[in-house]
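In the two complexes that follow, chain A is the common piece, with chain B as its partner first and chain C second.
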Partner chain A sequence: MNILTNPKKLRGFEKHIKIENVSRRSILKTLGLAGGFVLAAPVMMRPSFAYETGAGKMPHGVVVDPRVFVSIAPDGMVTIIAHRSEMGTGVRTSLPLIVAEELEADWSRVHVQQAHGDEAKFGNQDTDGSRSTRHYLIPMRQIGASARTMLEQAAAKRWGVPAGEVKAANHEVVHSASGRKLGFGELAADAAKESVPSIEGLKLKNPKDFRYLGKGEISIVDLHDITTGAAHYGGDARLPGMKYAVIARPPVTGGKLVSFDGAEAMKVSGVEKVMEVKGWPWPSKFQPLGGVAVIARNTGAAIKGCNALKVTWDDGANAKYDSVAYRTELEEAARKPGLVVRKDGDAEAALKSADKVIIGEYYLPHFAHASMEPPVAVANVKGDKAEVWAPVQSPGGTREDVAKTLGIPEENVTVNVTLLGGGFGRKSKCDFALEAVLLSKELGVPVKVQWTREDDVRHDFLHTVSVERIEAGLDKNGKVIAWRHRSVAPSIASTFAAGTVHQAPFELGMGLIDNPFEIANLQCENPEAAAHTRIGWFRSVSNIPRAFAVQSMVAEIAHATNRDPKDMLLELIGSPRIVNLSSVKDPWNYGEPYDSYPIDTARLRKVVELVADKGGWGRSVPKGHGLGIAVHRSFVSYIATIIEVAVDDKGKLTVPRVDTAIDCGTYVNPERIQSQIEGAAIMGLSLAKYGEVTFKDGKVQQGNFDDYQVIRIDESPAVTNVYIVPPASPDTPPSGVGEPGVPPFAPALINAIFAATGKRLRAMPIGKQLEA
Partner chain B sequence: MKHNFPALAVSLLAGAFLLSVQAANAQTNTSPPATATRPAKTPAEQNSLPNNAPPATTNQTTGEASRDPTIKKMNEDEKAKVDNKGK
Partner chain C sequence: MVKLKINGQEQNWDGDPDLPLLWFIRDEIGLTGTKFGCGQALCGSCTVIIDKQAVRACITSVSDAAGREVTTIEGLHPTGDHPVQKAWRQVNVPQCGYCQAGQIMQAAALLADNPKPSHDQIREAMSGNICRCGCYQRIENAVHLASTGV
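And then the complex of A and B:
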């Protein structure tokens, strides 16, 4: 533990302890001031528990060391490090809360500090993939239990009693036999001298004794600041002498700057300089696109200066990228055989012999992340050192990329993580931070690079565009005997691997090769699809188009065979079993071991049955209303949604009610699960109604919320009910929550629209398709 | 839960930076009024050279393998990373 042992030497610094970020140098400084305590190297340990996760295989793995994550001040204030980024999921509360639970800390006396980017010290920090609780529930419990054990050992020594006779409870250690008690602050110095207990010998709390976990009674630590406007995001970072930069970037992916004239820009009051920003040929991972930067004394001047630039671009090889034409290309590709990525039985033969074949082609356009806060970063590069303040989902990755881009050692780079005003995967890519460090290095002063909304939409790492084609073969009894699913979509791998035409295993594992249906003849194919713009991770990633297609097709089969969609869904899921993926060459399972996280159709069935029960499936609804249902497993969680829609005679769509059941295994904070599902409903409806980025002549045609809309509050679902399946046991592995709510939303909505209107929509967004 | 702390301060006990924050606050007094300054809807003064690129297809890739050894390595590392963990 980083325990402050000498209050006198700390005089004058107390008020500064309560700050949000913590850096390596500050900890060392603290230790130097405190004396008598040496921070050992972090302990890389393999968490030991009833199940394995993929955490250890992540870059830099897991660090289980209370000295890295916990400190206790002499006044008893416990500080817990949050090493993941807060973008609205509540992770900055949930992970420290786990530590506090096992530590027996009083949450009202806990302060949370945001870690800087340092994966060697903190372990993997990528806040994506709905992994944080999944990978850190056990390690955080072990960290808290280790710290608790050290405090108990210190108390036992102080009293000269066996350690087994003392027990930590509610921020103090108690010796029941004598009635003696000592607060955590009183024990901190001695506890720091105790050795860190081995993980194998740790005694974790019995879950029945939990005070915080699973209760949902703790507000997120940032709630007050967020709701009062006091929270600090990337755009709030300011340094003395800082310059403000807005950049004109090549409008076509792979394009480059030919020439520019900054004379008019320089006439704008506040503009100080116009300069070229280095860019790299595409693909170049997360490197800047390059372009022309306008450097000014404030952001407004920089924007005006940017508007006044005269620039000539060479649009390069993607200058003819056109959304309408490319959709046709994707559809044609989906109608021809592609790379077979799963083959059970003989779907080809079964389709030929089927009594009836139902075919559905489903189109999903590019989406922009459009988080409320556009990308922004502040950088200060001095000599061979760089410091960055930015809302990044991958602080460790940002640190690494800054170091490589500048050609300096990683230990010379400090990445301070601010709150993120939304992320959705966009801020896993640190191009905006790299722009800032390059400009700061060039100018020799701190620089803030501010992306406008237009920059964000036009130069995003977009969600891929896709066509999903499903052919279902039925026998004379209406039983599905064949299923062929072709998924055609440019891969995220194209962002760092030239020549990519097939999706990567992790994309194929999101709703394609992991199909849970009990169908004897099932084949999945992945025809070629070259990318013509930057593709990136977007909340739920490939699960969105796959769930849209598969769950729409289920309802289409139900309609064709005159069956209830929920019953059809359960019939296709089939018997309760663990799905055998032995026919898949690379059965990617969200990076998790299949033994811990198998595809369990009993759990899939259960969420369907639960939501059908709670959501009143089959209830009578008014004329013009309809119910739709969908289920999907993603990020190793199971989630089913029923949506009630109303469509008036002019085609206006409203959503009176959403019901969602989720099985995410063992959970920490049900209030956060509720909020994530509510957020997924908002996002899901936004994407379904309006989400579409289009290209003409290689350029994005949208720019702001007037043409890339999100739903307003009056369009939001009136009611969103969430039902959480209790974990089967305390050893049930936790699974994802942040992303799984999105994929089943669109198909449930589309199925509900069909029930209400008889119109089957197979392309998103809904747009004007419902208008008479 | 204590939560209302000056979030801009970045380093624990980093006095130098705390001083920087105070100085930065003073600087905000000279900032322009917060009236909306919007990017150009369509950048009229930006144009592109004539281009004879072929139409975008599903089977013809247009990216180019980086010749910059640093970027080449970063691309390769990221590819290996996602193949291993999926990101």
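And then the complex of A and C:
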């Protein structure tokens, strides 16, 4: 029984979390509960736009109101609100830049102000799912155009001329017939009195007149502050009387505190108090795990005190979780039939009649996010009011959860969003902010809760662990006639609903049921898997294991049939077409309408062909080197990667070159797209080479960057080249950038290693496998 | 009582002499540009310069810094225009930015010691500083740019 078939459990699930990466409304609709969902803000997509997005289906939808997002001071300074969280993608710059573009504001006279958490006011703020540009390109243009129109109307009135005769340009409104001009600052007060124009009648700029959008010439707004140490992250808020807390949490997920002895901790210089922190029973959703907090005058004393604690835990139901045994469990499940989640033709029969069957079984372990800034938050609770400073991807959800946890109204909670020192999905969960709130309430003073790196790795909402098994049936000509993909992995939903054993549609829709291959008999199955730790969203989510398996399999088939891997890939993708997903009950499609965001194999083919051309596919490489290729559609973008590896005779792996082509539709800032793809290569290499969190006796065995390694500069690819496909038209819908770069990396790397060495690796991480 | 200088200012500490310098700088002095990343000298986020050497403030105690000159990111240049900082901006290095203060301090120490580092020397000197966003290609380019004149 899972959340999708048990409405009772779903209600609990639904009530307590903000489930990002999935349309809550669509799940509810399936169950006839849509009346319980309130869209607080109107969804205003201009009907004449060529496409719709799923923005309106997100919690609290979209707010298109210039009075909420734009203010202009008498001196002309324009302030634009950034309502999404900045974790490195550049969104705090790009969304306000869209507004400035349409507003005709001069970017050098624009100040960006971060919104606090308030979705009724700003619309959805969940910064995840590679959604910000895709959902807000149109609304931000409309906001800018509305504000511009109001300024023009105010100027026309002042001059007594028809509004059609005036035009805003570069921070002023001009009446060219008379040569009169008024600066935005001079018009601000009058413009504020104008009524907000209707969205339908708005005149948006012709994209050919864009000064900023699509150019990539504007640096991020925080650049100077970042280079001088003035940029503020989660741990940088300082309040008078603030105390510093570090918490010992149950070492096994679902465990709880039995007793503690804080005597030694209290002896540490600077430690002031040792106290229990409330925890929630498993599955604990986004709530704190509980434990023992050490309160001190500085973080160093709190850490030292925490290390001196003597704590007895009840390990609970997950005390036997063991990664070695669990892998065997997953493999056994993958070898038996499971819940059928897509069925085209008859794969079972076709596999039986096939001339040859190739089987690949791929394993990917848990990953920890390990953002450079470990979870941290400051809270100040006074009576029935709370203020929080935190690096959260979900400011609105954090506000709701703080209110619920303290039992106070949401309007009494202020969530100040700092910069995030990396997020990658970890900071969509606000448990660390809730800990700070609980402690501040009890102590009556502001409290900062700092997670250590060990806390971060050992109490993460980990990326799932999975076995992906693919069976491909070939006819006597080597043509693939059958494809059966079984994906077994604990679901993110298990963190919210006990007893979850199947993947949710938003997980199945990441590279499993949305398989784009033109194969007549294609079946996808999802055998059962129970979770024994907190599973959460990790950048790219289930696309990582799915792309790894599918794209490895393509190269395996190419090898078995003596074909070029790129040719094999194009053959499997098949003819340029819109993939028909009619056999899939809930195609999910990243929450986007299929009409606007179909699986278009012409675009998939195009990125393969582009990267092959630019990346020199088939070029001759030195001995010990090899080229690998992979393509994947995720977050409704298309992306293909070619990697050159070198493996020396001792098995040492280096990456001389990476080439990636991305088609993300209409884009705002190509310079930040490039940086995201460069970064995705590093993260992809980190995961492939080292990424693994393992459990023994229910406890995570890693803790810091010595045993949970990530790529450093001396082993990073020598060069990563990025090619961005220009949008087919200005009406091409924008699609994701933050996440799509990661999934194709590992399979391209593994395929390159095969080309270099003849070794086919099917389990991640690579670790010492090449040294054998 | 431990006496030390941070960014030219005299500071005193009469608490635990073993307190890591990082927490003295951040929590006691209130200079928050220096970041916490690992606490074990594994990531370089907390890098500061002590008497021209790049050190990890998370494992350096306040007493280790007694009588010495500590420079944090805030003190690297009065207007933030050290050649490394300028190069960082020119190359648009940062993504989330959290590790960058440590990266910049490490790069500044490298160039003070070796004004024209080679590709391999840059990679070696910067290999103690982790960037999870993966800005390495640009870090290398920025250090190179700073070494050749911004």
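Keep in mind that, in the parts below, the second predicted complex is superposed on the first by the 723 of 772 C-alpha atoms of A that agree within 3 Å, B and C clash if a C-alpha of one lies under 4 Å from a C-alpha of the other, contacts with A are read in each partner's own complex, and residues count from 1 in each chain.
Keep this in mind: a residue touches a chain if its C-beta (ideal position, glycine included) is under 8 Å from a C-beta of that chain, and two chains touch if they have at least 3 such contacts.
For clarity, every value in this text was computed on a predicted model and none was experimentally measured.
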Exercise for the section: Name the contact category of A:Gly270: first (chain B only), second (chain C only), both, or neither. Expected result: both
Problem - Which superposed partner A:Gly345 touches (first chain B, second chain C, both, neither) - result: neither
Practice task
Check the residue A:Pro656 against both partner chains and state whether it touches chain B (first), chain C (second), both, or neither.
Solution key: neither
Exercise for the section: In the overlay, answer first, second, both or neither for which of chain B and chain C A:Asp236 touches. Expected result: both
Problem - Which of chain B and chain C A:Gly56 touches, first, second, both or neither - result: neither
Practice task
Using the touch definition from the top, say if A:Thr227 reaches chain B (first), chain C (second), both or neither.
Solution key: second
Handout entry: Most chain A residues touched (candidates chain B, chain C)
Key = B
Handout entry: Which of chain B and chain C A:Gly509 touches, first, second, both or neither
Key = first
Exercise for the section: Check whether A:Ala370 is in contact with chain B, with chain C, with both or with neither, and answer first, second, both or neither. Expected result: second
Exercise for the section: Look at A:Leu419 in the shared chain and tell me whether it touches chain B only, chain C only, both, or neither; answer first, second, both or neither. Expected result: both
Handout entry: Footprint overlap on chain A, comparing chain B with chain C
Key = 219, 222-224, 230-232, 236, 238, 270, 298-301, 303-304, 419, 452-453
Handout entry: chain A-touching residues of chain B, taken from the complex the two chains share
Key = 1-15, 18, 20, 23-25, 27-28, 31-32, 35, 37-41, 43, 45-49, 51, 53-66, 68, 70-71, 73-76, 78-79, 81-87
Practice task
Within their complex, state which residues of chain A touch chain C.
Solution key: 86-90, 219-220, 222-224, 226-233, 235-236, 238, 244, 268-270, 297-301, 303-304, 370-374, 419-424, 450, 452-453, 671, 675-676, 678-683, 704-706, 710-714, 716-717, 719-720
Completion exercise
Note: in the complex, chain C contacts chain A through residues 15-16, 19-20, 22-24, 26-28, 30-40, 42-43, 45, 72-74, 76, 80, 85, 88-89, 92, 94-101, 104, 122-124, 126-140
